[in-house]
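You will see two complexes here that share chain A, one where it goes with chain B and one where it goes with chain C.
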Partner chain A sequence: MAIEIHTLPEHMPNDALRYVGKPVNRVEDPALVSGTVQFIDNLSLPGMLHCAILRSPHPHARIVSVDVSAALAAEGVVAVISGEDVKRWCVPGFTAPEGWGNYCMAVDKVRFVGEPVAAVAATSRYLAEDALELLHIEYETLTPVCNPEQAMAPDAPVVFEERGTNVMLHRDYTWGEVDRVFAEADHIISRRFRWNRVGANPTETFGCICQWDLADNSLTCHGAYQTPRFMAIGRAASLQLPANRVRIVTHPQGGGFGGKGGPRGTDIAALLSRKSNGRPVKYIEDRMEYLLAGGGQSWDRYYDAALAVKADGTVTGFRVHLVDDQGAGAEGYGTISAAKPLAAFTGNYRIEAASYDLTLVATNRAPTYPYRGYGPPPHNLVLESLMDCTARELGMDPAELRRQNFIRPEQFPYTVPSGNEYDSGNYEAVLDRVLEIADYPALRARQAAARAEGRLVGIGVVGTVEPGVFDWNAYATVGVPGVGVPEGVKVGLDVFGNVSVAVGFSLQGQGQFTVAAQVVADYLGVDMAQVKISTASSDVALPHFGQGGSRLGVAVTGAILGACEKLNAMFCKVVAHVMQAPEESIVLRNGRLYRVDAPEHGMSLAEIAGLMLSRSDLLPPGVEPCPEATYVWTSPNRNAPDDQGRCRSYLTAANATHVALVEIDRDTGRTHILDYCIVDDCGTRLNPANVEGQLQGGVAQGVGAALYEEYVYNDECQPLVSTFVDYLMPTIHEVPMTRKDHIVTPSPVSPLGAKGCGEGAMHTTPATILCAINDALAPLGKEMLETPASPHRLWKLLHEDQATSA
Partner chain B sequence: MKPAPFDYHAPATLDEAVALLTRLEDEGCDMKIIAGGQSLMPMLALRVARPEALVDLRRLDTLNYIRDDAGTLAIGAMTSKQAAADSALVKRAQPLFHAATELVGHRQIRNRGSVGGSFAHADPASEYPAVALVLDTEFEAVGPDGARTIPADEFFVTYMTTSLETTEVLTAVRFAPFAPQRRWAIQEFARRNGDLALAGVALTLNVDGGLCRDVRIAAFGVEATAVRLTAAEQLLEGQPAQAAQFEQAGKAGAAQLDDPMSCIHASSAYRRHLIGVLTTRALGEAAARTH
Partner chain C sequence: MSSKQRIEVRVNGTRYVREVEARLTLADFLRHELSLGGTHVGCEHGICGACTVLINDQSARSCLTLAVQADDCDITTVENLRNPETGALHPIQQSFVDAHGLQCGFCTPGFMMTTLELLRENPDPSDEQIKEALGGNLCRCTGYQSIMDSVRLAAQRMKSSTLG
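Right after this comes the complex of A and B.
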């Protein structure tokens, strides 16, 4: 039976939706605000040991010897592991591209500062850390490779010696007649950009408790896991266990943002449990470990890019040359991050041809990991900055240049040169509305007045497309093997008519439990208070992916709708049988199943569930006594990529335009954000409050990337950032409270018309702020082409003409 | 990120504390006094500081007070910074010290952090030492030989070092009356609200008939300890309290710095530049202040 997934809320069998589309309170919040959520560090198991990890102080060194004897003899210490144990029991973790991986702990040599070298399990974390000081490691230091330029030099030291090169991947994509459009262009606008390392910093770092059952040879891992099913498969592979012997119990997480690098910590805790005769071992990554090498570093990029532009402002071509410093290995699937821009390479625009020359390089910096947005934030910064450069060169208003190049509403579905199909949108309406709420003419007048006083005031107007709901093919383009991206749920009723929903993911902050509860309550016509959402562990959960790729709100909605459709069909069958009526005459509407021709004859959901569970004699043939249904949703209509990586990868294309007004203090170089407006269009807003939270949070991270955050390394490849004194997350004082509105263009292809909306603000904010800064600098003829645009960098730029040494 | 092992002591009285410190000193013990712990605890957790013993002053309630002592403001060393920030007496009697207190960290930090702890810790980026240098400030300490009073210009020695003996407990800080007509300002440059300052300036002056008198300017966040910008002070003495003079004073103050610190957020040259900017701006702010 083909299941039809409704693409509009009004298609649900309910005359008056109570929850979908409304800013209902989140079901997650009572536990969060009352402090009863069981985060992993709140959990203790009987006999539990605590893990501490010794990390490499060198960016590149051979391990000559490891002496663990003194540590093993120390108070409270039960087990110690080092590279020798890992070599015996493990294989290197999965990487993309393949074969650029490390073991969970250094074997024979270390490749970055912070790489685990040995680990201790002891009766307390204090004793475990004391024991680390008794480990004796002898290193023979090697010359580090500090950046891509060094890495690609002819005689460069090689980070992964078995590979013989530091170039992990080089690909050159061409989409359309790029050479021709550049040859025919009236203007070629080109710049080089440097995006320095930033990354995810969730409130809670990674943590887990692993227990190896030596009798069953199985492993149970409780932890803060973002993608539990992948974690189970990955641990089975790296620890050489059958996949059905690894059970992941995911706990609510204090944020994720893609950066929680769980594999290493999990494998190390698991091996310590194995070596401690199966005692549970807890590993809580501390902030210093996280900042040094915990999976929170992303996007270390060097861009050289150009636009081909006609005299009238029509942009015809976009060339991007990217060198991406992946750090010491591809365990964070950096290929995928570099490839994601294919889903919206040319942004909002009708750019007819594009090319992408992509080089991923290994260095002795920490491996890079996913971060919210997964690649487009730097890419959009490049594209949108070039649009602003174009506007300046042509003497056009940047908003109008963008309007002129927008994809038109009647052109959807629209296939971009890099292959993805945008489902729907109305970019001009979004632009018009944001210019209206920002009062753009007034902002320009304010800018003119400020400039007359010699002040540096600038405006950024930046629109982007947010590819939402990724699928397997998005990453097949860069050789990542098939990783399915399904979302499965089970929906069941009890005899009282309560609804239970089992999902595969856990709380992370975005509110998908609430979305699931809203959709199921409105479909079945029950009160949200009757709905309970819970997380199934990986051994019993249906195939699922969880948070990632701006997909879960949409995907879980699709899964709930699918399961409800199956319940609906089954209940109609049962009711028809009981009432001795034709099946087609029974409908579900407003929480009740009844005869269309005699609505007074019907049954409530509780009556049906009760009958099914208790009176098997009354059930029609073939119907089991089980008022439950499962559904595994995945994006419809996906296809395989061609030889240039082109495919329908992301199901939805949300869109937003941000307007920022900034002022740069000439004397100090500090940028003040004076005003910030957003209008977005993510189709149906399933829970407008959740969407607003996603927007405001994305702006915060965007402000961080644009102005504050940076993982700094020195010339010897030593990280200079290891605490929040140096890694500057913006706080509530630094992040503007945005003024917002929205447009609704429902997706014609997604469940209830909703579009992925988890990353768009992060896609847009860094570009908006940098464009505003460059607009402010325009009268001086200067440009800031590096992030973060810190006060020190801006001061140097402003004062470089003077004989000031900086 | 757990401290290395240490012995923990929490004496009940000041006498006990001094006796304990004296005994530990005699035993050759590397000990450290802990007050609010807002600076020391992270250093312990990072194992940057690893004393053999901690002497916690938290039980010394007698060191927790704010009082007007015949016009002199006396603040007990264990008084929390937030208590000082919330005190109407402090705000009225010592507006510069009060403003500086509000610049320290965030409220949560000020709730735990003590007034005495910041002075004794003598972090070069701290506002307090600079404020002490431009006010008439004295420190009271009690040691095995009894109590003594240390003027501010003898108290701060160098990077995180004061003239307190290891067996001495800082008990109070005393500020001489702040003349009502005296002008003041404090300005600092930090990357984020509440961060340690990359550069800062605290100053006091009189404006007498439009002329600057008795100017005192101290910079913080730039050298090993807070430093008086004497070149700027001398340049302003008797000069008109006007923008052009303030600009020159800023330049003179910046030029006077020996070798400002450097870190990933600010080079030495940038810090020097910032001191000039902040000096000029703070002078403008102070001159414009109406009482």
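Right after this comes the complex of A and C.
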């Protein structure tokens, strides 16, 4: 039976939607504000031990010897593991590109500062940490490679000996006639950019409790897991267990943003449990471990990029050359972050040809991991900064240059040169609205007045496309094959008409439980209070992915609609049988099934569920006594890529334009954000308050990346960041209270017309702020092409002339 | 290393007498000895504010406080906000829910305890005063705007409830 997934809220069988599209309170919140949610560190299991991990102080060194005897004899210590155990019991974790992985703990040599070298399980965390001091590791240091230039030099030391090179991957994509458009261009605008490492830093670090059942040879892991099933498969592979013997129980998480880590900590705790005769072992990463080498470092990039531009401002070509420092291994799936820009390579524009030369390099920095946005934030910063450079060179207004190059509303669905198809949009309407709420002419007047006083005030106007609802096909050409990403739910009713929904993921902050409850309540016409959403553990959950790639809100909506459609069909059948009416004459509407020709003859959902569960004698043949349905949704109409990576990958293309007004303090180099406006279009807003929260949260992270946050390494590849005193997270004083509005262009292809919206603000904010900074610097003839544009960096730029003339 | 000291604390009105190691942090004591898991730990070095509790009505970072330092003190944690009889949320909690002042909720207990102290001392804070009070708490999810709204709403509600 083909199931039709509704693409507009008004298609649902309900005349008066009560929840979808409204900023309803979240079902997650009462427990969260009460402090009763079971974050992983709030769970204890009987007999539980605590893990502490000893980490490498060297970026590159051979392990000569490991002596664990004193630690093993220490108070409270039950087990110690080191590289020897790991070598015996494990294989290196999955990576992309393939074959650049580490074991969960260093074997024979260490490749980065913070790499686990040994771990202790003891009766308390305090005692476990005491025992770390009794571990004796002898190292023979090796020369580290600190950056891609060193890594690619002839005779460079190699991070992975078996590979013989530090180049993990080189790919060269060409889309359209790039050489021709550059040859025919009137202007070629090119720049080099440097994006320094930033990362997710959720407020809760990673944690887990692992228990190895030695009799059953199975493993149960409770923890803060973003992608439970994926995690289960990965653990099965690295720990060499059958996949159906690994059970992941995911707990609510204190944020994730892609950079939660997990595999290494889980494997280490699992091995300690195995060595402790099956006692549960808890590992809670601390913030210093997270900052040093958790899953929280992303995007260490060197760009060389150019636009081909005609005399009238038409942009015809975009060339990007990227060298990406992946750090010591590809365990964080770095190819995905390098390849994701393919989904919206040329942004909002009708750029006809493009090319992308990307090189991923291994160094002795910590391995990089996903972070919200997953690649486009730096990419968009490059594209949008070049647009501003073009406007300056041509003497055009940057907003008007963009408008001139926008994809026009009548051109959708629009296939970009890099292959993805944008479903819908109206970029000009978004731009017009944001210029209106920002009062752009007044901002320019304010800027002119400030400039006349010698102040450095600048404006950024930046629009981006947010590819939403990720699909594996986007990454197939860089080593992560597949088409489709299943997301499954089960929807069931009890005899009282309450609705239970089982999903494969847990809370992380985006409010997907609320969205699920809104959709199911409106479809079935019940009160949201009658709906209960719960997380199924990975062994019993339907195929699922969970949070990631601006996908889950849309995907879970699709899955719920699918399951509800199945319930609808089944209930109609039951009611028709009971009423001895033709099936086609029965409809579900406003929470009741009835005969269209005689609406007074009907049944409530509770009556139907009760009948199905307790009167098998009344059921039509072929209908099971089970008022439940499952549905596993994946994006419709996806295809495999060609050799240039072109395919219909991300299902939806949301877009937004941000306007920022900033002032740089000449004396301190500090950038103050004076005003910040956003207009976005993510189609149907299933819960507008959730969307707003995603936008504002993305702005905050964008401000951090643009101005403050940086994982600094010194010349010896030693990280200089290990606390929040060094890694500067934006506080309420740094984040602008933005003014927002939106327009709505429903997606014609997605469930209820909603578009992925979790990453757009992070895609746009760093570029907007950097463009505003460069606009402020323009009268000085200076440019800042490195992030973060920290006070220190800007101060140096402003005062470099004095330094050289002195 | 494990010489223990006897402490007596009152947490949310209940008296506890315990033998603790001198090095045990107040956060670990509350969370793991008393099973009051609502006080969260985000950095353990005094920057994020997730662990904020009130000690004798003053906000404090429980990760930087040793349990022994809290001897003979009155401690208030997030678990004390709800009405224990009815389960009704405190106006601060309800305002965070209504104004969508949280996403993952991990930082929220810290923000709410900081807000409780602020509104006790200054029932009608200006935006600048709210920012000043919350400037030591990190939230990675919300971008703070809805937290501002939540605190404004809480102030308004608590004022009208004391007036009324």
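To be clear about the criterion, the second predicted complex is superposed on the first by the 799 of 806 C-alpha atoms of A that agree within 3 Å, B and C clash if a C-alpha of one lies under 4 Å from a C-alpha of the other, contacts with A are read in each partner's own complex, and residues count from 1 in each chain.
Note that in this section a contact is a pair of C-beta atoms (placed from the backbone, for glycine too) under 8 Å apart; a residue touches a chain by one contact, two chains touch by 3 or more.
Predicted model only: the values in this text are computed from it and were never measured.
**Student:** Answer with first, second, both or neither: which of chain B and chain C does A:240 touch in the superposed model?
**Tutor:** neither
**Student:** In the overlaid three-chain picture, which partner chain does A:257 touch, first (chain B) or second (chain C), both, or neither?
**Tutor:** Second partner only.
**Student:** Of the two partner chains, chain B (first) and chain C (second), which one does A:534 touch, if any: first, second, both, or neither?
**Tutor:** A:534: touches no partner chain.
**Student:** So, A:141: does it touch chain B (first), chain C (second), both, or neither?
**Tutor:** The answer is neither, since A:141 touches no partner chain.
**Student:** More residues of chain A are touched by which partner: chain B or chain C?
**Tutor:** C
**Student:** For A:411, select first, second, both or neither according to whether it touches chain B, chain C, the two together, or no partner.
**Tutor:** neither
**Student:** Go through the superposed model and pick first if A:203 touches only chain B, second if only chain C, both, or neither.
**Tutor:** Once the two structures are laid over each other on A, A:203 reaches chain C alone.
**Student:** By the touch definition at the top of the document, which applies to A:287: first (chain B), second (chain C), both, or neither?
**Tutor:** In the superposition, A:287 contacts both chain B and chain C.
**Student:** State whether A:126 touches chain B only (first), chain C only (second), both chains, or neither.
**Tutor:** both
**Student:** According to the stated criteria, A:190 is in contact with first (chain B), second (chain C), both, or neither; which is it?
**Tutor:** Once the two structures are laid over each other on A, A:190 reaches no partner at all.
**Student:** Would you please give the residues of chain A that touch chain B in one complex and also touch chain C in the other complex?
**Tutor:** Overlap of chain B and chain C footprints on chain A: residues 126, 130, 286-288, 723, 725, 731, 733.
**Student:** Considering only the defined contacts, which chain A positions touch chain C in the complex?
**Tutor:** Going through chain A, the ones touching chain C are 23, 25-26, 28-30, 32-39, 41-42, 44, 75, 126, 130, 200-205, 252-257, 286-288, 507-511, 689-690, 692-693, 695-701, 723-725, 729, 731-733, 735, 737-738.
**Student:** Provide the residue numbers of chain C that touch chain A in the complex, in ascending order.
**Tutor:** Counting only chain C, the residues touching chain A are 1-2, 21, 23-24, 31-32, 36-45, 47-48, 50, 77-79, 81-82, 89, 93, 96-98, 100, 102-109, 112, 131, 134-148.
**Student:** Going by the contact rule set out above, which residues of chain B touch chain A in the complex?
**Tutor:** On the chain B side, the touching residues are 1-5, 42, 46, 189, 191-196, 264-267, 269-270, 273-274, 277.
**Student:** List the residues on chain A that touch chain B in their complex, please.
**Tutor:** 125-126, 129-130, 133, 286-289, 667-668, 670, 708, 710, 712, 720-721, 723, 725-726, 728, 730-731, 733-734, 790-792, 795-796, 799, 804-806
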